[in-house]
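A short write-up of the structure that comes next.
In order of appearance the chains are A, B, C and D, and numbering begins at 1 in each one.
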Amino acid sequence: MQVQPLVRIQAADFDVAAETLRLTAGRKDVGALVTFTGLCRDEAGTLDALELEHYPGMAEAELTRIAEEATGRWPLTGLSVIHRFGKIAPGENIVLVVTASAHRRAAFEAADFLMDFLKTRAPFWKKEHLVSGAGGAWVDTRAGDEKDAARWSSS
Amino acid sequence: MQVQPLVRIQAADFDVAAETLRLTAGRKDVGALVTFTGLCRDEAGTLDALELEHYPGMAEAELTRIAEEATGRWPLTGLSVIHRFGKIAPGENIVLVVTASAHRRAAFEAADFLMDFLKTRAPFWKKEHLVSGAGGAWVDTRAGDEKDAARWSSS
Amino acid sequence: MNIRYFAWVRERVGVEEETIEVPGGVKTVADLISHLKTLDDNHAAAFEEEDAIRVALDQLHVEADTDLGDAREVAFFPPMTGG
Amino acid sequence: MNIRYFAWVRERVGVEEETIEVPGGVKTVADLISHLKTLDDNHAAAFEEEDAIRVALDQLHVEADTDLGDAREVAFFPPMTGG
């Protein structure tokens, strides 16, 4: 009865409302729906765009592995993950996770888990392109990301 | 710099996409956006509708208190809570929480916190109307709800 | 003092709202509940499971031992089940 | 064996992908890295910070001490920064 997650890697933007509807339309067993959207930030005003590189094939495979781990751990009625690649401007969407369940704790925890593992395990890399035109740097990993992912092995 | 939460109590349905856009449009400081939607469930097929009663005035006031507690605890760039009242059919929306932040942990935790406290403190009550026409019962509190809310005082 | 009832408390009392004169000895929420129980069978039935009743004083959650003070509105209702 | 590089590892090596003959003594991922470092300055530079390099064998994350076995594709890349 475990649901088959939807996993997509695409250059185009996604439509959160359409993805939400896909997990709720015509159903009466969804009590809780959580969406997480990750966006490109630029508080300093120096970023022209992020360039998202990925490992085609492995990106889909790894996201599917993480998503299936989530559907195995929590009683979900639906789970979708969409990750964009290519150039993404500040304010634009990068990643979407949607989880649906009868109960809110499962929906929250599964979405949270998915983002933690996506950050540390999905083969995507961000490079900054600056407004100044100067050669941007590859974004470094955040120390907190590994710690966030480690939270789930003790529970 | 603390954001002013948007709190609405209404009979009409809400538009998640519009509420999301309200917290992200024209901004470059939102890195993470979480939405929680609570829906009316009916796995057994016996429910005609839930009737949501609320305490006008206090419902707004209490949701605002909970929302302001959240904006005080987490570095949010935006927070919205919408709760419906009146008759709500299975599959329909009941409640929406949207949290926006530079960072995902703040957005996730604030939405999770908000739902836990909304469940135990916001003056709303659900009565079941059954398909059979039989007089429905008032929904009982779930034992887990108090425990969920208590998680936040130890952290 | 204005008293409001919600959900099954409202159904048992039979009114949404009422204004009552509070006798001199009634100082706390618990005192008020004891007084309300003496009014009639409906009130007595509504407050039978006293532990199941939640209270708001001027739209703020309070405990039974809270002083009524200058409150203009007291509300009684079951544990909340929104969300 | 097909080797793929991503992000700054790719930039340093100078190619996205290459097919190399694996010498007989190369059994593990670590052995392969040692061999690649001998190829030229670009490879040496790419694998200079060896601890910062992650490895996938046939699109599965592995550690440096993993046997190459029958793997057809090995990929080297920095820690992931998606999401």
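Points to keep in mind about this one:
Heads up, the rule we're going with is that contacts are C-beta pairs under 8 Å (C-beta built on N, C-alpha and C of every residue); 3 or more make two chains touch, one makes a residue touch a chain.
What you see is a predicted model; the values in this text were computed from it and never measured.
Contacts with chain A and chain D are shared by no chain at all. For this pair, chain A with chain B, the centres built from the Cα atoms lie 23 Å apart. As a whole-number value, the distance joining the C-alpha centres of chain A and chain C reads 48 Å.
Taking each chain's centre as the mean of its C-alpha atoms, chain B lies 26 Å from chain C. Residue numbers of chain B whose C-beta contacts span two or more other chains: 38, 104, 115.
Counting only residues that touch two or more partner chains, chain C has 83.
Listed by label, the pairs of touching chains are A-B, A-D, B-C.
Looking at the complex, you find that chain A touches chain D at residues 38, 52-55, 57-58, 61-62, 83, 94-95, 115, 118-127, 138-141. Of all residues in chain D, only 4, 6-8, 56, 59-61, 75, 77-83 touch chain A in the complex they form. Note for the complex: chain A touches chain B at residues 16-17, 20, 24, 26-43, 45, 90-91, 102, 104-105, 107-108, 111-112, 115, 144, 148.
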